[in-house]
Amino acid sequence: MRDILDAVASGELSPAAAEARLRGYATTGAGRFDAARETRRGVPEAILADGKSPTETADLAATSVETVGRAIVTRVDDETAAAVRQGLPDEVDVERDERARTVVAHAPDFDPPALDATVAVVTAGTSDAPVAGEASVIAREMGATVEWIEDVGVAHLGRVVDVLDPIRAADVVVVAAGREGALPTVVAGLVDTPVIGVPVSTGYGFGGEGEAALAGMLQSCTVLSTVNVDAGFVAGAQAGLIARAVDGGQSRAE
Amino acid sequence: MRDILDAVASGELSPAAAEARLRGYATTGAGRFDAARETRRGVPEAILADGKSPTETADLAATSVETVGRAIVTRVDDETAAAVRQGLPDEVDVERDERARTVVAHAPDFDPPALDATVAVVTAGTSDAPVAGEASVIAREMGATVEWIEDVGVAHLGRVVDVLDPIRAADVVVVAAGREGALPTVVAGLVDTPVIGVPVSTGYGFGGEGEAALAGMLQSCTVLSTVNVDAGFVAGAQAGLIARAVDGGQSRAE
Amino acid sequence: MRDILDAVASGELSPAAAEARLRGYATTGAGRFDAARETRRGVPEAILADGKSPTETADLAATSVETVGRAIVTRVDDETAAAVRQGLPDEVDVERDERARTVVAHAPDFDPPALDATVAVVTAGTSDAPVAGEASVIAREMGATVEWIEDVGVAHLGRVVDVLDPIRAADVVVVAAGREGALPTVVAGLVDTPVIGVPVSTGYGFGGEGEAALAGMLQSCTVLSTVNVDAGFVAGAQAGLIARAVDGGQSRAE
Amino acid sequence: MRDILDAVASGELSPAAAEARLRGYATTGAGRFDAARETRRGVPEAILADGKSPTETADLAATSVETVGRAIVTRVDDETAAAVRQGLPDEVDVERDERARTVVAHAPDFDPPALDATVAVVTAGTSDAPVAGEASVIAREMGATVEWIEDVGVAHLGRVVDVLDPIRAADVVVVAAGREGALPTVVAGLVDTPVIGVPVSTGYGFGGEGEAALAGMLQSCTVLSTVNVDAGFVAGAQAGLIARAVDGGQSRAE
Amino acid sequence: MRDILDAVASGELSPAAAEARLRGYATTGAGRFDAARETRRGVPEAILADGKSPTETADLAATSVETVGRAIVTRVDDETAAAVRQGLPDEVDVERDERARTVVAHAPDFDPPALDATVAVVTAGTSDAPVAGEASVIAREMGATVEWIEDVGVAHLGRVVDVLDPIRAADVVVVAAGREGALPTVVAGLVDTPVIGVPVSTGYGFGGEGEAALAGMLQSCTVLSTVNVDAGFVAGAQAGLIARAVDGGQSRAE
Amino acid sequence: MRDILDAVASGELSPAAAEARLRGYATTGAGRFDAARETRRGVPEAILADGKSPTETADLAATSVETVGRAIVTRVDDETAAAVRQGLPDEVDVERDERARTVVAHAPDFDPPALDATVAVVTAGTSDAPVAGEASVIAREMGATVEWIEDVGVAHLGRVVDVLDPIRAADVVVVAAGREGALPTVVAGLVDTPVIGVPVSTGYGFGGEGEAALAGMLQSCTVLSTVNVDAGFVAGAQAGLIARAVDGGQSRAE
Amino acid sequence: MRDILDAVASGELSPAAAEARLRGYATTGAGRFDAARETRRGVPEAILADGKSPTETADLAATSVETVGRAIVTRVDDETAAAVRQGLPDEVDVERDERARTVVAHAPDFDPPALDATVAVVTAGTSDAPVAGEASVIAREMGATVEWIEDVGVAHLGRVVDVLDPIRAADVVVVAAGREGALPTVVAGLVDTPVIGVPVSTGYGFGGEGEAALAGMLQSCTVLSTVNVDAGFVAGAQAGLIARAVDGGQSRAE
Amino acid sequence: MRDILDAVASGELSPAAAEARLRGYATTGAGRFDAARETRRGVPEAILADGKSPTETADLAATSVETVGRAIVTRVDDETAAAVRQGLPDEVDVERDERARTVVAHAPDFDPPALDATVAVVTAGTSDAPVAGEASVIAREMGATVEWIEDVGVAHLGRVVDVLDPIRAADVVVVAAGREGALPTVVAGLVDTPVIGVPVSTGYGFGGEGEAALAGMLQSCTVLSTVNVDAGFVAGAQAGLIARAVDGGQSRAE
């Protein structure tokens, strides 16, 4: 403990980073940042911008980069993206994915994980892309190779057949679908790897808030597991955990 | 009117048949039998045995044969089937379909309608057969040729492809499916004829009483119309009405 | 294939049209346009403006006209309608229906289908007109003659009786109704043709988002099929498919 | 109070009747009997047999006759009906209505109320008769003249027109309907008297436990009030209260 | 008919009023105005401003005054109130009730109905006043004397007791309550007249859109009938119909 | 630990009691018995007979008496009550409450807790007694004095007023009510002590499984907390915990 | 009474305060203020700013201070906070809690209650703070010592263990949690005092409006009671009532 | 193909086995058996006994053993277990798991798969065992080593900590929980491997059919995926697919 305090005293270590090493989390004005989540849980902590002010989000992102070398921010709009960029030192690499509504920042010395495993992320339609994009970003940040396959509606089976090879080649498959949510069932009937369905709230009328898709995936006559409506982050992280297991789970040994 | 009464007086016409001709319906102890339904609505009146005693059902069936020459009884168990048979003259032809839980009786002089149109009735699994069977019986009694195609689960698309030709050859398609109810969507994406989806209550857990299948069909990203959960009769009758329209709607001219 | 590429090289054929002929769909910045839908499915592809930017919608509309000679856009507001008009060559005929919230564009050489069949579109009240209007536009674009009959509330049966003749004369009937949604049941009890009910989300309080109307149509004591709440497009397209079947389904032979 | 106790001492008054006069209710092994309900509330207390043993029901019925001169028992089966009959003195007049599942007992000196007002009780189908029967019995026991009009389904408007005169002649109308529950709306659009809708749980599939009918009546585009699913007693009693008001509410003056 | 047309020709009768007399309704750009509703149904037609433009509402209000001598407009905001006032001749008396969100207009020669019957309108809290106000206005326009009793929460029974006398003195009682909706039950246990409960959408969390209040009124252990959530108009009109019946229903004889 | 094992070896302590002392729970064929629950949680472990065979329940009851000197069994039928009695040594005192469906057994040396605090348990009707009885038994076993007040329906406020004094005298009040569940709200408006509402599943139709009562209690315009439908045990235990706190929470010091 | 009127005449007592003393409530333009609530119910009346104009809220707050010496206002935004401050005399102490969205005002001579009892208020995450803050403010105003413990998510049990001691030291515990709402169950398994769960509407997708958290708390396998979604005030007041009981309920003796 | 037919002719191969090799499925009186499912999907076909007669189940089991060397039957009662045993040759090894309600049969020459991966199956309480048992059996039959850990309720966190090591040692974790379903969340917060939650229908009252548990798992503030209520088979098969992927997915190479 003394060396940590010495490092703080000498300015080598920020107070936030020191707190994170000593207690596992860093306290900010916008709540605690769970700096130990990745070590404990295998999933990096992400910052949900929705419901926070741009300033709060930027503070949390800065704390995240400071303590774990990386920040992953989801549900980001223009103003928040600018605040996050502005709140970080210039040498930090910041990448925004507008479709996925994410911002990812890497400190110069951040060493991203790399897994020898592939996650296929499949969408039924273009309106499923934001949710699937979130899944894609988190799986990639966990070290998986991500294969993005879009616009594979069940209304035309020919499209499904066209992309079957890359889907089958992946170690785990995430399928995002709104409306009736039949695509995960169709895909899961054609591959012998784990499939995770993500219901998307892109329907209308009865069951249109994603309940029809959710219920359909839960009732699927094939084998698949599911996550909550629009829960792209959860699906991507679960796929990342499977990818880690496939890779040998060696990060646990670190 | 006088000739009808004369016929009653002479015993040529039963009072029930006379009442049906004069008022459009015949009064029985178990309620009124809508003898004019087929003429007015294009759909023959059917007797729902569920919730009636075998005797009540048999009375209604006898009245039906007496007034319109035919009886169609649905949701029939063994006891009711026996009561219906016993309650009808020997010369009446009585056919029971155990899977569809129906009994159909034709008077010797009944001239069944015949339409130049085909209805395909497709099931996703064996547990959908009772509901689909009801649809099949009523469509056939309305004069359509019925093509029965069973056990075409979406869990294996190969099965769907195997039966595509007879489905495409039909004028209208009824697809019964439980669980997630994806089959009507898959079929409707492959044919250019009207498809009617029938959700079946063969699921379990969340949405398992047929709501998942119903919601999925209503949210379908293709074009299809639907009926209530387990409403095989309604689906078959709607298909029969379309078949009549295809045939030229000539029965309207009668 | 060579002649298609030659035509692209010579400028006779746009790349989008060429892609559509070769692969069945054309890729745009706003997703794929399913150019083969009408041939495969019998229903023309439509563009849902809701949830897309005016530019995206205009791009898809231009691609649609370019590849299949026609664009059908639904849920259109003023800004989108202007963008679609502006994005199309002057010689393209563009018609906007404000009540139905649709824009339909025909290339000069587009040969609209014509069916010898009539679809009656009936509304219970003025607030059902936008949804019914959508049904009307798509049925007409599929070639059916559309009979528009409005404001036939069940609160006054006299109105129903007044319009019974034109309803009975149609080959298929679409009935849109909000609140308790009783009109499709009342109409279906009076005609011998297929009736499709469209629940409309014009209620309030318990069941007011269209669920009361939907449930009422599914429970109807007559024969009718239904579509999702506010699904005017689906109802119109299903009616169009029935009209095609009535006409002889000859387009299938093409 | 002394004269009541004297009467008990002399055997002229039973302890239960004395308790009822003094405290407003009589205590029995099966709970308290609210003997003052009719005076206070205008509605006679009824005994719901459902969920009670035949003995408990018979005890309560005997207490009711003893204290207020009458017993009204609802949801009665054969065994309970026999127990009630057996538990009452021979001179008590006991009438069972099997369809309505009620038993009504009048002491020899009971003077039934009589109102100069008519309640029409209308059913959509035969399966609505038990619920409507309950309404009928309680309205009659409150003194109203009851007009019973059955089997008036909206599937055939002709039936509605046939019975319009007696419905219009009533002071208040109770309409019981299951499935989509459209009949109260149709009736209320044709009369200028208060209409009370009673949803009946005779549907199936989605909304089949009476919710579709309930939601439809609540959303009705005409003016009507409603009661809970299968609440025949409540509808009949509310109609009885209206009949009392029409008659001049003179019983309040007693 | 000739005299009507003569009156139109001479300018004594507007075309709208003539159409209303001949066909029962008047056609406007915003839909048909049901001019015969009051005669047929006993309830005056009202105009729901919600969902209409101020101009449309004003047009309908003018047509209403022109054809039946009165206009009743509900859910009115400032802009619509001004438009209605401006769209009517100066001699028309226009009264706005801001709390009830209504505007009522009477032509100079309009002879308002008067019934010898009283409707008590009771609210549980101040937030129930807009809904109860709607009930009050329509009951008064139907001729009833309205007794307004507000802020009688069940959280303090003393308040209920304080107002019991005027409630008991009324011929029919409307009780509006949000949250748990217990007040109609408490009131109905204390009076011997018909009580109509109106659930109000003033709750929060689970059941907060008025469903808790609605379910509570439907499950009430006393006798009452109910209307949909926030349906003040329906409750007031039903109370008005009961008041008419109490008064002798003589307006029917007119 | 050695002395425990010595006691087992000498037969002074059963293996189950020894396991309970060492690990906090005792393993049985029907699952683990949480012997430390009362010490840790302040609430004695109870055995839910529902869903267990009579033998399993009797085994758990015997283990309970053996390890903590007492057994509390809920949802008990005749057969299970007999099995429990038979499975316990004769010197164990066994008391069955048929209405509450409970069996409570005390070992001869069991020293029941006694708290200087009173819990009032109030029911709206006789059908709420089994659920309220469960609450009563557990509160009494936790040491509280229980005041039982039954049949206090809101349909007649006079009954509420009659029992206000004993309710007000209690330290905490449990109120069980089915149907619309208004009684807890009425009671909580009249006392200045904590009130816990227990919704009971004694309704019918819409919201009849206790949801109406639950929603009503959650929406209550007074202050009260609630438990799940029919959760008499939870309500009684929560009341018991409050009684312990009132008494000084001294049992925590033991 | 005469002395009150004398005091009003002399200006010593405001009319509002006089009305409150004589009738128990004070009438304002924004409804009645229940000045006797605290005496009768043990819970001070609070003013819900949500749904009221800043002026109305300020009027009620002034009446509250005038009659009972204190005002508690909840769901306050900036504009309302300013209006309340402005509407009160300068000598009144006004404290705003932005996180809890409350304003509390004390007259100079207000003597706040003080209880010898502690309420722990625990949040699962930062987004639960507004709801928990409301609970905290009301408990403190009722006289309890409040222990605020925040950000104790079940996703990391270490955090729960870290704060167990102060939670155990409290007399009653309020736990606010959104999403799956598991924290109250985990806490209640570890303490022997009453726990009140508050579901918070901070989820998304299926069950995201707080229903998942509510259902989870109702189904909890430990003993806890719950309040409606986001009902921080109710939870705090119930905890305050328990604290009063623990303290000896002496305020009842006043 | 000829050699297959030769083998049939010589009696070496049964017709069912031949059909399975040629078409991928074998036709039986109880439906088609999908013999190719394991090859195509990686999950062995299982036979759901629920809803089938003992004879039908036994026929399907015999066909399964005949075509793929193994039968897995779920939801088995005594009668069906006996029928399956009787319908198989003596040399077939048949193992019944009463708790899991499964029967597994292996032909003498069946070579069971073996994976170098472990699945932990964890239950919250004893009533979750049947569902978890199903998961356990299918995971084992797919070749995984299964670690069974039972009765780990969140009501006592000590139990969770006691079993953390074996849970962490597994490659994938299945957690079955009823009531509020919090255990999967608690476990997932403590391990860095994929966790699959299985909601179990062992609650009561509101949300008691497993919806509370399902909603809680979908809303979990940690990362986990879920399956439908009681879907032990799906959870076990998904875990098996992950175990296969961890093992290297080599069976895909076969």
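So that you can tell them apart, the chains are marked A, B, C, D, E, F, G and H in the order they are listed, and the count of residues begins at 1 in each.
Operating definition for what follows: a contact is a pair of C-beta atoms (placed from the backbone, for glycine too) under 8 Å apart; a residue touches a chain by one contact, two chains touch by 3 or more.
Source: prediction; values computed, not measured.
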{"item": "Co-neighbours of chain F and chain C - touch as defined", "value": "D, E"}
{"item": "Far-end chain from chain H, centres as C-alpha averages", "value": "E"}
{"item": "Chain separated most widely from chain G, comparing mean CA positions", "value": "B"}
{"item": "Distance between chain centroids, defined by C-alpha means - chain C, chain H (Å)", "value": "46"}
{"item": "Averaged-CA centre spacing for the pair chain B and chain A, given as whole angstrom", "value": "51"}
{"item": "Separation of chain D from chain H, taking each centre as the mean of its C-alpha atoms, in whole Å", "value": "54"}
{"item": "Multi-partner residues of chain H (at least 2 other chains)", "value": "40-41, 125, 155-156, 188-190, 204-206, 208, 211, 214, 218-219, 222, 228-229, 231"}
{"item": "Those chain pairs that satisfy the touch definition", "value": "A-B, A-C, A-G, A-H, B-C, B-D, B-H, C-D, C-E, D-E, D-F, E-F, E-G, F-G, F-H, G-H"}
{"item": "Of all residues in chain G, those that touch chain H in their complex", "value": "124-125, 153-157, 160, 179-182, 185-186, 188-190, 203-208, 211-213, 215-222"}
{"item": "For the chain D and chain F complex, residues of the former touching the latter", "value": "24, 30-32, 34, 37, 40-41, 51, 199, 201, 210-211, 214, 228-231"}
{"item": "Chain F residues within the chain G interface of the complex", "value": "40-43, 171-172, 188-194, 196, 214, 218-219, 222-229, 231, 234-235, 237-238, 241-242, 244-246, 249, 251-252"}
{"item": "Residue ranges of chain D touching chain B (in the complex, touch as defined)", "value": "125-127, 151, 155-156, 158, 202, 204-206, 208"}
